[in-house]
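After this come two complexes, each holding subunit A, first together with subunit B and then together with subunit C.
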Partner chain A sequence: MFKAIVSADTLKTTLDSVSVLVDECKIHLEEDGLEIRAVDPANVGMVDLSLSADAFESYEADGGLIGVNLSRLEDIAGMADAGQLVSLELDEETRKLHIQIDGLEYTLTLIDPDSIRQEPDIPDLDLAAEVVVEGKDINRAVKAADMVSDHIALGVDGSNETFYIDAEGDADDVHLELDRDDLIDLSAADAHSLFSLDYLKDMDKAIPKDAEVTMELGEEFPVKMHFDIAEGMGHVTFMLAPRIQSN
Partner chain B sequence: MTDWTEKYRPTTLSAVRGNDKARDAFEKWARTWDEHREAVILHGSPGVGKTSAAHALANDMGWGVMELNASDSRTADVVEKVAGEAAKSGTLTEGGAGRRLVVLDEADNFHGNADYGGSREVTRVVKDANQPIVLIANEFYDMSNGLRNACQDVEFRDVSKRSIVPVLRDICRQEGIEYEDAALDAIAEETSGDLRSAVNDLQALAEQTAVLTAEDVVTSERDRTEGIFDFLDDVIKHADAETALKQSYDVDETPDELLNWVEDNVPKDYYGDELADAYEFLSNADRWLGRVRATQNYSYWRYAGDNVAAGIPAARQHDHGGWTRYGPPSYWSKLGRTKGKRKQRDAIARKIAERSGTSIGTARRRILPYLSTMIHHCKPRELTLAIAATYEFDASDLAYVTGSGESTNKVQSIVEDAEERREQAAVEHSGGAFAGGRASDSDADEPDGSEGSDGDGGGDGQATLGAVASEEAAGEESMGEEADATAADDADGDDAEGETQDVDDRAADAEEDDGQSGLADFL
Partner chain C sequence: MTVERFAAPDAATVARVVGDGLREGAVVSIEAECEVEYDGRSGGYLGPGDRLVVCKPDGTLLVHRPSGHKPVNWMPGGATIKVDPGESDEDAPLLYARRSNPNEFLRVYLQDVYSVSRFDATDAVEYQERGTEAEMHEYIESDPESALEAGIRIVEHERETQYGYLDFFAQDADGTPVVVEVKRRQATLNHFDQLKRYMDLYRESNPEVRGMLVAPSTSDRVKRALRDNDMEFVRLAEFDVETREASETTLTDFS
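After this line comes the complex of A and B, so read on.
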């Protein structure tokens, strides 16, 4: 069984951070909250999300798994105004999800979880460098880089203790450097990897501007980005595989 | 019950049966990929193990797999975003050093709007890739030349009966099914090289009976499609009408397509009377296809099919042997090449139709050809000029109709003259409304006239009329002023044209501009 009431904002933020990568996902309805893990069709980007039961106005679940079409669910959540409450209830008999927003009732047909792409194992990576930046700095860098290129280099200069972002276009370049003072935190070690801007752009959309984002970086290694949602009661980890640097 | 083809899908390349050579070549491609960094095309009939080999190889090499197949929408956008990114990026577990096998299944089958632009994008992805890519296809030559040249290729042949039987036997043992050897032989025989079908057939039979015997193997032959080239060869050279007709039912082409194929290839073998007869049948077929289009009654298709498939053998009078290089129909490519020309032709027909009050179709078929003949190469000039002026042809229209070059002097001059003539006609028929525009220059020269007009409540048109009139009337200024007055009176009236006509008839010997002379005469 599953029955929950949650604020529309929290629901939207949660869905947004998954829908930037996949159209359909499995949602684990654990006793202490929701969990979603998904990898995009190209196996390049991954999201791992948990939303604690405390983030809900009320929450009851006893395990189980549902498959949902995210864009459909997002559309429904979009019907709610900010601050409105959304009530979700799983009808076990019809295998449908009943959603209520202030008198509006929506019955969402669920998807067979087996037909959804398998959930990824979370790779255990040893990433040497770690920076903590504000969401808006990532947004700024991604926006600027997008003007010149389709990929972006994220790196940490271990000796200068700076976090830098480079984008090289055919004609124009963008460079952004943040030192210890600009960052919330930094554990410096040399790191440099190239990433697809398309993916970073999508992920950036899901990162709240005021969030503290922890980025873990390595040498030609995936980047990990963690941040909290729902006032610290939810947590999102994005992982993105690097572009291969062809010579 | 799980699908046995899935359950017994080989997990390692060495378990892939029946295509040892291809398997070794494929493995070599993978092992040496770091040196050549090229994509590979696996091609061969359905069910011989191409997809299995790709997945087994990835498993052997410890590579991740990203597969895009025909059940996904494969537009250029999707191919670029999904396959492109997968082919350019490292893996989530190992970063830049990690390998991922990008499998594009059914790479020769990009269809319609769902896959719009996909095949072109595949070539781009292959060229920019930093990860190994496997393209899987049934027909090697259905893929573009550019794509084929950018890849290595490995052909998977049909699996021989000798290789199929042991596979079936293995499965029977593992599933605990009792069988007669003859039954497995029969299954292997019937599926003619398609290992997947053999396994499917075995599973279907095993679900029905406890012990497999040769009799259980129903001799229902799987539908097979007849290759179009084989069909052409038979229908044109060997087969009698009945055989050819029956054979045509197994060809995977619609009658329109079939007609195009036959139409283009029959003259490569037939000649003289038999060719004429053959085309008679083809034209009958085409008329039936026309009826299908007109009525949307697809039961007429069979008559088209009859004419194509049975008509050609019926027309045959000579022996035709040897080998002929048949080619695909040029119909579509011709349509593509002549698109611009046809567009122009239709635009011309539209102009003619508007002018003549006919349909565009009639204008195209019944008028345009005559015009083309009448004024071929712009001769006679006067007629060409008249036609160009009437139908409002521009240079490219006229070039199309006459067959003369668009940039040649004669076409350009005719178009200019026609333009002038039209302007003239417009002025002629406008009751003097345009006269003002032409005469406005003369205002400055005729201070009196313009003054008069300014003072007049009637407005500019009249003033200038007066000016022109006075100018042309050999400098009688007073006349100009009077003209103003009269023009002002009549300005709105329709009879203005009548007046100018009068003028034409009665006076104004040396005067070129009718409108003005008419005014002078009126005065």
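After this line comes the complex of A and C, so read on.
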């Protein structure tokens, strides 16, 4: 069983974090909150999201699993204004989710979880460098790189104690450096990995500009980015596989 | 059953075969009269006609006309492929593929489906481009001391093991056996894994056995993995490719 009321903002932020990678996903309706884990069809980008029951106005669940068409659910959530509340109720018999937004009632037919791509295993990585940076700085870096290239290199210089991004185009280059003073925190060690800018741009869209993002980086390893949503009552982790550049 | 074919399937059957097939790792092909619509960086429309539509579990979608070797429209791997059977029996099922990096949508309206096939294909072998990989092997065999290291001697080319054929079994100047794996392109972690499997096999009876991964180039990560496992990388610069392309990895490469 599942019955909850949540602010439209929290719901949209939550769905955004997942829909940047997949069109449908499984949602675990645990007693203490929601959990979503999904990987895109190419197996390059992954998201792991948890939203505590405390993030809701009211929340009751007993451990079910539903499959959801994210695009449809987002369309419905999009009908709500910023301050509004969204009420959700699962009808287990008909496998439908009843959604109410200020008098408007929707019924979303759920997808059989078995027909959705398997949830990914989260690689257990011990990444050398850790950077804590504001969401807006990631956004700035991505925008800058987008001007010149399809790829973006993220790195940390262990001795200089700086976090940098590099993007190389056919004619132009972009380089951005942030030192300890520009960052919220830094655990310096040499790290450098190249990523597809398309994926990073999509993930960046889901990162709130004022969020504190912890970025873990290694040498030619995936990047792990974690940040809180819903005033600390939700947590999102993105993982993106690197591109290997031949020398 | 490796291939299962359904003649004149109804919309629900098409949806089921495509959905189950792709999810279970099979290739699904459809012979049908269809219309095709593409929306992405540009747009396009192809009116009704008979075509062969191929869907692969990695998200690749190909629409082939009865002539020409290239598909008239396609979606590369990474897309999500679905079939919407439609509301009633009168509706043509819609096969669509969508991708979000960049945003692309390919719609195939299946007006009249003649046949749909599910092909549970297994294909693990690495494609060896004839000529160049063979050239690399010939180069090594004809002068192993220049290609690999001084004092080394080739014992057998393509020795059969329980894991497949290893490229060369050799012996170094000290008489220590050496397992040699050759790659035409940049050596990846998968190649390291392959060599490691052979090494584990040989090191059971002889812990001294050396392992060599030979390729035109490799990444620092692979070099480190080889070093950490007491294996070596030999660069065959003679076969290096000019381009500095970035190759894709997936998250499963790191699990």
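The working rule: the second predicted complex is superposed on the first by the 246 of 247 C-alpha atoms of A that agree within 3 Å, B and C clash if a C-alpha of one lies under 4 Å from a C-alpha of the other, contacts with A are read in each partner's own complex, and residues count from 1 in each chain.
In this text, a residue touches a chain if its C-beta (ideal position, glycine included) is under 8 Å from a C-beta of that chain, and two chains touch if they have at least 3 such contacts.
Everything numeric in this text was worked out from a predicted model, so none of it was measured.
S.K.: Judging by the criteria at the top, classify the pair subunit B and subunit C on subunit A as clash or fit.
M.R.: With subunit A as the common anchor, subunit B and subunit C collide in the superposed model.
S.K.: Touching A:I244 in the superposition: subunit B (first), subunit C (second), both, neither?
M.R.: both
S.K.: Counting only touches as set out at the top, which of subunit B and subunit C does A:D62 meet: first, second, both, neither?
M.R.: neither
S.K.: Is A:D202 touching the first partner subunit B, the second partner subunit C, both, or neither of them?
M.R.: Only subunit C; A:D202 stays clear of subunit B.
S.K.: With both structures fitted on chain A, tell me whether subunit B or subunit C touches more of subunit A's residues.
M.R.: C
S.K.: Quick one: from 5-13, 41-49, 77-85 or 149-157, give me the piece of subunit C that collides with subunit B in the overlay.
M.R.: The overlap with subunit B comes from subunit C residues 77-85.
S.K.: Need the overlap of the two footprints on subunit A, from subunit B and from subunit C, as residue ranges.
M.R.: After superposing on chain A, subunit A residues 39-44, 46, 120, 123, 125, 196, 198-199, 219-222, 239, 241-246 contact both subunit B and subunit C.
S.K.: Could you please specify the touching residues of subunit C with respect to subunit A in the complex?
M.R.: 19, 23, 58-59, 77-80, 98, 100-102, 186, 188, 217, 219-221, 241, 244-255
S.K.: Using the touch definition up top, name the residues of subunit A that touch subunit B in the complex.
M.R.: Spelled out, the residues of subunit A in touch with subunit B are 39-44, 46, 120, 123, 125, 193, 196, 198-199, 218-222, 239-246.
S.K.: How about subunit B: which of its residues touch subunit A in the complex?
M.R.: Touch list, subunit B to subunit A: 64, 66, 68, 72, 81-83, 85-86, 88-93, 95-98, 100, 130-131.
S.K.: Considering the complex alone, what residue numbers of subunit A touch subunit C?
M.R.: Subunit A residues touching subunit C: 20, 22-23, 39-46, 115, 117, 120-121, 123, 125, 151, 194, 196, 198-199, 202, 219-222, 239, 241-247.
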